[in-house]
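Below is one structure, written out as structure tokens; the observations come after it.
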Amino acid sequence: MTVENSGDFRARIRTSFGRQAAMATIGAELTRVEHGMVEIEMPFDVKLTQQHGILHAGIIAAALDSACGFAAYSVIDPSASILTIEFKVNLMSPGRGERFLFRGEITKPGTTIIVADGRAYAISDGPAKLIASMTGTMMVIRGREGITG
Amino acid sequence: MTVENSGDFRARIRTSFGRQAAMATIGAELTRVEHGMVEIEMPFDVKLTQQHGILHAGIIAAALDSACGFAAYSVIDPSASILTIEFKVNLMSPGRGERFLFRGEITKPGTTIIVADGRAYAISDGPAKLIASMTGTMMVIRGREGITG
Amino acid sequence: MTVENSGDFRARIRTSFGRQAAMATIGAELTRVEHGMVEIEMPFDVKLTQQHGILHAGIIAAALDSACGFAAYSVIDPSASILTIEFKVNLMSPGRGERFLFRGEITKPGTTIIVADGRAYAISDGPAKLIASMTGTMMVIRGREGITG
Amino acid sequence: MTVENSGDFRARIRTSFGRQAAMATIGAELTRVEHGMVEIEMPFDVKLTQQHGILHAGIIAAALDSACGFAAYSVIDPSASILTIEFKVNLMSPGRGERFLFRGEITKPGTTIIVADGRAYAISDGPAKLIASMTGTMMVIRGREGITG
């Protein structure tokens, strides 16, 4: 494949992230965009918790999926789009902390299928703590009406 | 294992669901509780979408995880709790519709590990459309301080 | 999509299964082929075990992957092929028994991506026992040199 | 948790690997054992292929599962055992090459649940090629009769 590296992938990702209303709903911000790697951060918010007061696994999945999806989006042709086919998430420590960092990285680029891996960290006073990992399979979509960005 | 079937699992699940703030945030309601099976429903809401205007995969994961987790919770001893260890989600059709139904069911009960499967459907005028599936692995937690319900 | 239903999918699957040397190596046989569903069976063999004397999880994965892949193959155009993109396997009970049955079924057909689910059972005197499940994502391959069947 | 680091984990793993008959059947050898990391290698063998002449995905899964399982086994108390609860495998490139290397590493240790990640590489003349990845969830088993090593 030809990996697109046009400087404006950052702009495209910021625009597309801005259209992910779910990210605003969970208070997530795009904090780093590199070629093949994206980071999203959000503060702890009690409205995102499950019954034990920790971050709901699905919210972790949402932020990891966006980080992985945009990591994939950073390496494709500007006219194409990314759709998540599937992902797996392992929850490794309780989602408890002041802030959370979600990093998505391309493990395997491809013309049709891109595999990305993500890691989620809880951040408080001490060192960042790994709370979850994701492996996601993304499909590159071209020329499908209504699917852009 | 001894599968607990005390009639009040419905009450316990309703209480626990009520403490999942994330479910209120995404507008999800508990609409059916059976022994080993739980359904959650929510209306489409633009605030839950990704960049193409469809339901964000992570929101689907959140509702499926709760449905699967409570399905597991319905079959355990009232003093124990459930934590999700990991899940996998396949996105099969775009999350587009008026309402969404998420069903979680126990596939394999167990004293320590419970496997649950979930299905997500989009509901509009016509027949319900399968949009996603989940397989989740849940751990039964006993006697861990601060973890109840 | 147009689901091909030409009667000869059974013949095509038998031929393709016959070329899966790995299936012969593990002693697996194709025992049922329907449109969208395939069953594979094999006897217990100590050469397929892990250190506790039960069937190795990877052998279970191999048979489930073939069952799911051929279930996908049964619904595609005869000139296309199937490649597994990814799968997840849950091991639910020890792989102990006289024989094992592996069933793969299409959950979601598609022109490019097919999702299949599989179940593995141990069979002895009593009722069949569910030992594992798989969800697999398969890609339909067309016109790629050297990839047929 | 207390991570056991007694020097004899290498001996324990070599013994346990030797009892995995499935590894001998697929021609796999244990080539490296570190604390939290294990490598397994095997030559290409036509008897392990699928219908396109490449390594069967289930064989890749088998070697990755053993690598991940023994990586977990290297960090637990000598009297405990490891059982795989579930794993997910992504197939990223065709399993074609002279030899294959499978590396399993601990991502998250734990007293009950250990998460391990694995990578599979095809090796020929040129650089090693990533062909697959695994994330596996392992359970630490203590005091279960008949389950040792």
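All chains are identified by letter, namely A, B, C and D, in their written order; residue positions are counted from 1 within each chain.
Heads up, the rule we're going with is that contacts are C-beta pairs under 8 Å (C-beta built on N, C-alpha and C of every residue); 3 or more make two chains touch, one makes a residue touch a chain.
Since the structure is predicted, the reported quantities are computational estimates derived from the model, not experimental observations.
Counting only chains that touch, the fewest steps needed to get from subunit A to subunit C is 1.
Comparing the residue numbers each copy contributes, subunit B and subunit C share more than half of them at their mutual interface. Using the mean of the Cα atoms as each chain's centre, the chain most removed from subunit D is B. The best fit of Cα atoms from subunit B onto subunit D calls for a rotation angle of 180°, in steps of 5. Taking each chain's centre as the average of its CA atoms, subunit B and subunit D sit 32 Å apart. Annotation: 29 Å between the Cα-based centres of subunit A and subunit D. The geometric centre of subunit C is 22 Å away from that of subunit D, both derived from CA atoms. Shown for subunit D are the residues in touch with two or more other chains, namely 85-86, 88, 90, 115, 137.
By the touch rule above, subunit B contacts subunit D in their complex via residues 85-86, 88, 112-113, 137, 139. Note for the complex: subunit D touches subunit A at residues 88, 90, 92-93, 107-108, 115, 117, 130, 133, 135, 137. Touching subunit D in their complex are the following residues of subunit C: 16-17, 19-22, 24-26, 46-52, 56-59, 61-66, 81, 83-91, 146-149.
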